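Pasting the structures in now, so scroll down.
After this come two complexes, each holding chain A, first together with chain B and then together with chain C.
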Partner chain A sequence: MRNADFLLLCALLLAVAAACKSGPPVQFPPGTRVLWLAAADDVPTLDPAVGYDSASWAYEQAIFDTLVRYGDANVELQPDLALSWEISKDATRLTFHLRRDARFSNGRPVTGADVKYAIERVLKPSTRSQGAEYYRGIAGAADFVAGRARQVAGIELPDPYTIVFHLTGPDPIFIHKLTMPFAAAVPREVTEKWGEDFSHHAVGSGAFKLSQWISGQRLVLVRNPYYFAGGLPKLDAVVELTGVNEELQWLKYEAGEIDVSSVPSPEFPAVMKSPRLKALTIHNVTVTTNYLGMNCQMAPFTDVRVRRAFNYAIDKEKLLALLNGRGVVARGVLPPGLPGYTPDVTGYPYDPGRAQRLLEEAGVRKGFAPVLWMRADQTMLLLAQSVQQDLALVGVNLVLKPVAWGPLLDAVRQPHNTQMFMLAWEADFPDPENFLEVLFSKRQWRSNNDTFFYDPQVDRLMAEAAPIADLARRFELYREAERIIIGQAPWVFLYHPVNYLIRQPWVHDYVINPMRPTRLEKVWISPH
Partner chain B sequence: MLAYVLRRLGFGIVVLVGTSIITFIIAFVVPADPAVTIAGAKADPQTLALIRTQLGLNQPIYVQYARYLARVVQGDLGRSYILRQSVTRLIAERFPATAILALCAMALSLVLGVVMGVVAAAYKERAIDNILLVVSLALISLPVFWLGTMLLIGAGFYLRSFPLGGFSGARSLILPTITLALGSGGYYSRILHTSLGEVMGQDYIRTALGKGLSRRQAMLKHAMANALLPLVTLAGLDLAGLLSGVVLTETVFNWPGIGRLAFEAIFNLDIPLIMGTVLFSAFLIVVANLLVDLLYVWLDPRIRLGEQP
Partner chain C sequence: MKRIGAMELIGLLMVLSLMVIAATAPLIAPHDPTRAVAPTYGEPAPPTRAFPLGTDELGRDVLSRIIYGARISLTVGVAGMLVTMTIGVAIGLAAGFFRGAVDVVLMRFTDVMLTLPALLLAMALVAVLSPGLVSILIVIGLVSWTTVARVVRAEAMSVSQRDFMLAARSLGASPVRLIARHLLPNVLPLIVVMAALSTSGTLLLDAALSFLGLGVPPPAPSWGRMIEEAELYFRVAPWLAAFPGLAIFYAVLGFNLFGYGYLRRQGR
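After this line comes the complex of A and B, so read on.
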């Protein structure tokens, strides 16, 4: 009995400690308009200089404002902190005129200096920001990074509400880099006070402000009383429960405990068969391409006939069936919805006979056994097994190698290491450069060009297109580059995922942006 | 006694240093670049190089380890690559949730195990003993993830009697506690049943029975203390395991504990967090072992730790 007493005492003490740590339960007065969400993973950070993932961005864009942003359901530029802007003809100077009524959630007005400070903070090597690369094209950035200058000379502030960016060369997509949360205005006094802990004390000028964040449990945002847009946000608070796996999310959705949920694969067919539930689903084709890369420097993939044969051999419609139809067959590199995309691309239809002939012509013997690297993930494995079956029909005995994400990224970046791999690329900017230059230029070898593809003509076309601000001409050059890439087939072009969510009937105006997380300012909840 | 405790603490430090070396080497040889983990898949080579330099990842492994160890002895377990927070703080935030769950589960499993074990031993080779044997084997065999999910669906979703996961007060503790406790409760009952059976056959118990004590009195007053010794050993080590985190239960019930934190760290190859959670688990096991040994002395005064016979 003495043991039991001792254990109970410990339990009691720890219960008190735990209750203190778990914070007060989330309770709101009746009538508060709260959007309840859930996610499997914790939000990594709310520091806009640091976060570079959709979980962080979803809440960073609710707390912070950038000069310009995208529409709720599209990738068209809209004013945010900037009311208007001008871009010089040669795309080397951008001038933004800021609104005067924007305030941080601590009440302090937002000025151009806050945007300049934010970008300098991103560029500062000690911040270790993943966004630094996007702003290295600003004049004076190199000196600032090297410690030769105390500020970035190319960011000029003629008055508190005007900010001018001078670039070292033409960059027609620089304005898109300013839509990323990296460039969100942050109050210097708050970031300097908290240092690396700014994430837990984030103060921005967005529609919401951080109220509570308990690691592994929940994140609570409440409306920012100083938000400039009248009548917004329409919600009083947003609560994200973290660490909720997909199955538990579904139970919570069905119990009415959360307002928006993903749909687990086993439930998806039933949801789509139910007219009531189907009407509550929201979907959008993501600006993403899932592909199977082939290392163009490793035999036999040095032979374009082999790469084309693999394209013909793999049945992409079957892959979509395995995904319950949650995707669109990819015919080329660029996803639909990305400016510059053309539906004219035909790609490679499923034709195992033709694949077999091409393999024979290339001298690939039956029983050839390449290794396919992929993320150790249930869905990826399912798709890879389908690819394995398809290739077996043309005499290729594919070996599957599922590995963790980190080792996969490390492996594909080594030359002469991975023959084949399955990856996806999601756009950061709505421009073909973000796919074609990043994934197929020789400059990106050992970085993101993991197929080690090289075609001098493609590189030349992309170099010619990059500084051109005239979109028609720019897209024409990129289309030509994409046409050559498709012909050279360094990838098997698989599919563009379609993102499906389901909302409760009382949730309105919750829309999926094809490239960025959902914005929450206009979401509203009817009485229920 | 004091010398024994100090010696054991010394061994404990050796174990912790050994654990840290092994974990560090494993983390070092895993074919993944920590700079890519930090900077993400899209990072350019310049950013990666900058991160490697800043974190000292280009230095030899022994230099990196020495720097790590120097920080650890000051209580700094580094910063998580993914969650961008202090590992010490993350563990401190998550440990109470794990501790409360572990202690409640341990208490319930001990109660279950002792009650079932004593009843089964008291009615040895009778119907009730056989029934309890089947029940305890069934409890041991139940997979935690299945049991947890069924409890969530049945008691949480359909009956609406308990919260659907999460850590939101005493009621949220009940389903994960039951999930964790049933299996070990069944196991403890079998251990105690066997142990009591052996002790009840010893001479001093026969003497007690001969002096007129009932079987129940002899069992509870004289046999229990000795029969509990193997259970203490097991429960002490189990408690250390539970305190290190219970991945499946925490995942099923969205319980914000150490287990889920460690699982996510491994999944993301978040090396500082992996190192931190492994070291913390090793520390708990070392402490639990020491406490079990001390508890032995408390339960059985004949045992004198560290003394020569």
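After this line comes the complex of A and C, so read on.
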């Protein structure tokens, strides 16, 4: 037994060593321009109705097209399947004129009906799409969801290349909801053929098409010969190797086996000290807030004093030190860079004395041991231990519960289940609604409002703000809602991360978008 | 009885020294093992005069963590060994003494258990039971008793056939008395050896589980977990993994030297 264990350990280490050394397992003919990437986890899905995480979206947006999209490095609207569009003054009608040369990778032309079908598929309750919420404002969506109508009456197709959306009320940011992969054109004949397995047989009109996907090993995309934009994509193929953790990614990067890698914390200082490596880094302030949620329905977090105490007790600067300063301290919900963000929120400074007093007032006894749920990931564990150290100083014995990503998301959605959890939210579109409504409204209980926070005034302010197109007035209402949320402290506001990647010298035009994964169609590789 | 051998003595001293360190941890550890005590928060610091084994990225003193880690590792090692030995010795004695159907059933069951890879089985069990000191002990006991059972059975079989057993049996001694008064004392030397070796096996299994993130949860400083946490920093701060690795090496060596030394003294 003892020897067997020792041998097993040796085998494990050897396997790791072998994985570092062995070359990539896929072969391409010489001269093929391939971008090699790596990730720890498998891509969850390639079905645009299902995916709602950055890993899925990265490849969905390579395989599928939406009516409109964001720029490569910004969140300005750009034509994609639609060449032009008009929005009525009252923001209740949107008309899109589609390009006529778009084709799915099976050769069939893309029409407005494919977009309509895609949105109906997302809305259909049996799809269980988390994107459904975003399209409920289309006229007739309610009847369609309830099964009273066979199609959504508010999506009109005057001709195959024109699509008109009628909304039940004004929604000035509806067009942004059409940039999400949920609204990407999908070929009905293919989705109906494969049903739930469409993810593994994805067919879209994007720059790339799915070539091979072996779970836990690799995902291979190749260029879509029917892609409408001439000369794009500039790559012949993209390979993502899966099951490669951060540290291994770094070793593979150094060996020249992958083209773009994240920079693990321990290596970061050395990278920034080397002028050669530093010049190869790409960074961007992502529109993200990392937070520690406290379940407002579970004692003692029902008491706002306890929630505030935790905000005072945790030193966010220490977390940033563990991330080599790659981020800024969060003082509120909205990240800098998001329209509607205001720098004058004060948040909670680090003040353990005050935290202790608040805990005493609230009657929390010494040795209180709440459970913190978090992703089982080495960096997250490190941050959680820093939080654990801080809370120990005010007499709270935090218990850590690291779980896998999927189970964590399931767990936090159950009421009265997770006392505390560590998560992050990244903006889907540039508007405060995407943070405040999604994360704090009562409608989002059991979906994304995982602290089960409810404040009637906040809900009222957000309902009032949603249809307002005048940005100054709109943002003012959202700011008011955010102020109340900060005061009620359902989160410990932690930090807004800055994303760092490093590329090989032969990789060009790889840019980070603040709200979307990197688009790959313009990336190119010089001979090396 | 022969005089105690050098190997056994060194092993015994090594084990005793660990026990003293574990028992007096709060007195000899220079710092609190879970607090940030170094000013270099966010980056591991190499050994200095103030922190002879360096500090980790959370500003914790590695020496203090290793000293306190002795408590956890020895507790897990010894308690895990007790669980393992209890199950293994009970099954081995029963199979070896009763023979026949009892032996067949118990030993085939043991064979089935032996076909399951210990580490995989342990990982599955920990995942179900959720990591914690008690579940680790249960898991270690459940996956590592098989070897003990087989060895004890073989010894029990041979002892059972000796004349004094036959004599006791013909005097009408009950099976319980036979096992407790005659069989067990004669198998005991072997049990001591198995116990020592099983303790070191347990230490390694615990280290492997902790390394896989399934051991005693943080901030408890178990040696295996320290190595796991050091993995990320392996290239920039190798001392973070090296020192707890040496601690595990020392403990395993101590128990093994004692076990084999004792075995040699028994003349086997």
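Just so we're on the same page, the second predicted complex is superposed on the first by the 342 of 528 C-alpha atoms of A that agree within 3 Å, B and C clash if a C-alpha of one lies under 4 Å from a C-alpha of the other, contacts with A are read in each partner's own complex, and residues count from 1 in each chain.
Just so we're on the same page, a contact is a pair of C-beta atoms (placed from the backbone, for glycine too) under 8 Å apart; a residue touches a chain by one contact, two chains touch by 3 or more.
This is a predicted model, so every value here is computed, not measured.
Shared-chain residue A:247: touches chain B and chain C both. Contact comparison for chain A: of chain B and chain C, B touches the greater number of residues. When both complexes are overlaid on chain A, the residue A:125 reaches chain B alone and has no touch with chain C. Look at A:41: by the touch rule set out above, it reaches chain B but stays clear of chain C. Of the two partner chains placed around the shared chain by superposition, chain C is the only one that A:266 touches, whereas chain B remains out of contact. Of the two partner chains placed around the shared chain by superposition, chain C is the only one that A:382 touches, whereas chain B remains out of contact. Of the two partner chains, chain C is the only one that A:400 touches; chain B does not reach it. When the two structures are aligned on the shared chain, A:107 is found in touch with neither chain B nor chain C.
Annotation: chain A residues 4, 8, 247 touch chain B in one complex and chain C in the other. Put simply, chain C touches chain A in their complex at residues 34-36, 41-44, 57-58, 117-119, 144, 146-147, 197-198, 200-201, 204-205, 208, 211, 213, 217-219, 229, 231-237.
On chain B, the positions that touch chain A within their shared complex are 30-33, 36-47, 50-51, 54, 79, 82-85, 90, 93-94, 96-97, 99-100, 103-104, 106-107, 110-111, 149, 152-153, 156-157, 160, 164-170, 228, 232, 251-252, 254-257, 260-261, 264, 267-269, 295. Interface of chain A with chain B (complex): residues 3-4, 7-8, 10-11, 14-15, 17-22, 25, 41-42, 44-45, 47, 50, 52-53, 125-126, 128, 130, 132-133, 136, 196, 199-200, 214-217, 241, 243-245, 247-248, 251-252, 254-255, 257, 404-407, 409-411, 413, 428, 438, 446-448. Across the complex, chain C is touched by residues 1-2, 4-6, 8-9, 246-247, 264-267, 269-270, 318, 321-324, 376, 378-379, 381-382, 384-386, 388-389, 392, 399-402 of chain A.
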